[in-house]
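Note that chain A is present in both complexes that follow, paired respectively with chain B and with chain C.
And now, the complex of A and B:
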């Protein structure tokens, strides 16, 4: 990590930049606060000026002058294209109007299935977590979704203890057979690398490794066998322009991107 | 109106809660750390209700406090957490030791269990939990096939809670309940929870005239047809925020979260803030005017406190 900070950016910054690159111009993106929101603002300020941010609280496509500090922040309501409520924002998901959702996780398996409910047995867990919240809804119904996680063997596990939020379930065709409407996860962004999903097996594969990280580093931090994409390459680092926008325009006070929040 | 036979439903929190029997199902409105009916929650703890089955769609300090106080046998919702302050620590302890059972939902299946009953049907179809362990461990989610297209759905069983407790901005004595602004933030879910209950208790910041209600009909989110009891409880969501009226009491929330880290710490908190306090008015005295005004006016430093 220290070498990457000396290389000019932090783990949070590269995770934000890689997340932002998944956002296409014109996308409607369902996000919470934190890193995903910062990534969406960055995309809007760079390659995707037409991205519409959708918050669970019902705010659609705000044009805030400064970054919101919470989903219900009045800054988000000014100049929004629509304000509604939770039910309405969730119905936009159900109706298939959301292009991309961005989620976190406590455990994740090779198919991108996520656990945020319980570690250990369900009714007598060693750690009870908060549950789904809106995560299951997002991963089930958004056209595609992305997962952002810090990399460790505790998080990247052979089998999630409880499947809260569907990834590709058991592999090709499983989501369709189950009846899930959304397309499933398209990537997993970590502080070491970015995973894609093999189109044939729907299993996670290493797509890019961040500068200063080796494939062996990724293997060592991943609790299951993982392959590599045919075009595996180094993650293009954040550009000077991207870092400048993050640091001076989007999050100048370090509200979301902690300067030294290392693994 | 002279001679009107419209019943008046204004009661004290103590009277409203006294009719909830042990073992009842109780649904709670609000969202994570926002507009939960905390004055009613504290009164339930004061009256030592036991064995409750708690229902909600997105919960935080409300359920954590009831679980910590030993009032609940089960919690059924999509989320119990303290938002950016971390995990719900009482819930963790009680679930990990097997004292409380959990029934997990997605946000929309949690809403649909109320929405079904509000529509007068016993289930609604949903797709979000298909293929996940939400289906495995929740008897209220059952796979069904559409008679029209053959599409697979999860049937979400409707629930009719024995009691619903909500907090809102104002109501008249007859139980016409309003929020200051329609369609703002989480306002759109509580109306469905309210429409599903056998008995609905609503605490409000202010009691207003029916003329006031009639002057702003768009703000009425539950008319008296649904409401059993109205309780006057200013700052009744404290230490949660109450939409545009007041913010989070950040110091109190952090104090709670710290205390909830151990069973002993939580007992001390309960004794100080709930069980040794006669009622909500005495609670307000205990928190103090400065504390309440601070909560009402302080800029937020809890980042992302509205996020699920």
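And now, the complex of A and C:
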């Protein structure tokens, strides 16, 4: 445990580290900006040097020297092994070439279905959100995908107002009936815990709770009834090495990892 | 014998867009959008537009802020690093602009179907979600079809043919053979599906210079109707290989977009007050514009890595 610390990290940092641990060496990972990009950089700098990053802008396998501010950032384009366009990168995804996609969300339900389109009614929403972009394509076609979200009852809801991005839809067999080629969500990473999905019901279950968080804290912040995984345990905290790489090499200026986001 | 030059000025090119037209613009994120053209279109007062907006956040936001848009087929409209496109969000919330949502691939494939002149293309994305269940456009966008070669069922999206596509390129010859360096978004499908294509170019170069790089010609001139020399045509956004985005100018718009009055003030000061693009650039000044130029090796602006 000498390289572990149990305190002294932010919510952003543990979300990033837990996300990075889902990335296996050799994976092709389709990501957007924000925490997912930081997590992919961290995985590449630690246990997954052979990971290839893919962006919907058409950037494939970049090696930027500093953190990119957008998926179309010149830093990504100028260091990529290949640059094409959105149609090209999304057709590679559609063809089954992406191992893992990492997505954000505004609303999410127990089956991992996500809304990034509209809060309220679709035609006259109370809040119009950006829309799907490549998220629906990623969740439809990547072999597996992961969702990263801040935990609140506004986000974790019984029913999403508009289903933008498919999770396990209505439960077992639903993705297969819809003809979706990808395997669906394998986890949801929040600032309180990590969820997995019950293999029988395809419903979210609490897999790990972050240090200092109780299961009751998670229940209180979740807008639907949620169970626990049989092997529920505490999330292994970020290691000193992981924190050092994040703070000194990957995002030293806090472009994405905000120091004031302590839990 | 040489073909007649397609060079014209922005005002003439913008007159190719009639009121009520459907439009598609190049660009992705904060780069590559033909914003000098958009400003001229706003000056001309052309309204009731329909946008097929795959990634054209800045053109769509400016045109909606100027109240020139009635309908948007969209896949994603946001300002990365800033937040939501506020004029668009407000217009949808108030019901003044109608929207129909797609995934990025589905909307791209609709343009590709138009480019190939086939009525639809198959797609696996969007199945099982409200992107297919809520169809608000004038014609349906999505259906389920059975493969003619077996029992498999798949989704299909309907072809789109925009009236006009406006594409900003690094350089073009007088026939509109254009090269875009960096990410090209869905330019291929936009150019081939549109009935009229306008190219705005940072530089106009001799045909021989295009021929020397003919494997990376993004826009074949045979599709192009008008070519406009438009340096800094993507400002306040960037253009890969030419200049970086102008964060202060982008932030000025984003702050102004907080409410309808300040966004109207912005458009009055930065669009309507100038007779043309040259006047717009003159207010920025050569020192500021030069400061945005990219390092030719790093392809990003000087002083940042």
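Rule of thumb we're sticking to: the second predicted complex is superposed on the first by the 253 of 263 C-alpha atoms of A that agree within 3 Å, B and C clash if a C-alpha of one lies under 4 Å from a C-alpha of the other, contacts with A are read in each partner's own complex, and residues count from 1 in each chain.
The criterion applied here is as follows: a contact is a pair of C-beta atoms (placed from the backbone, for glycine too) under 8 Å apart; a residue touches a chain by one contact, two chains touch by 3 or more.
Just so we're clear, the structure is a prediction, and the values are computed from it rather than from any experiment.
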Joint occupancy of chain A by chain B and chain C, clash or fit: clash
Partner chain in contact with A:126 - chain B first, chain C second, else both or neither: both
Contacts of A:163 with chain B and chain C, given as first, second, both or neither: both
First (chain B), second (chain C), both or neither touched by A:179: both
Contacts on chain A seen with chain B and repeated with chain C across the two complexes: 33, 56-58, 69-73, 83-87, 90, 94, 113, 117-118, 122-134, 136-137, 140-141, 162-166, 169, 174-175, 178-181
Residues of chain A defined as touching chain C within the complex: 33, 56-59, 65-66, 69-75, 77-78, 83-87, 90-91, 93-94, 113, 117-118, 122-137, 140-141, 162-166, 169, 174-175, 178-181
Complex interface listing, chain C residues touching chain A: 28-32, 54-55, 74-78, 80-81, 84-85, 88-90, 92-93, 95, 98-99, 101-106, 108-109, 112, 123-131, 133-134, 136, 152-155, 182-189, 238, 240, 244, 294, 298-300, 304-305
Chain B-touching residues of chain A, taken from the complex the two chains share: 32-34, 56-58, 69-73, 83-88, 90, 94, 113, 117-118, 122-134, 136-137, 140-141, 162-166, 169, 174-175, 178-181, 255-256
Chain B - residues contacting chain A, complex: 31, 34, 58, 77-81, 87-88, 91-92, 95-96, 98, 101-102, 104-108, 111, 127-134, 137, 151-153, 183-189, 192, 300, 302-308
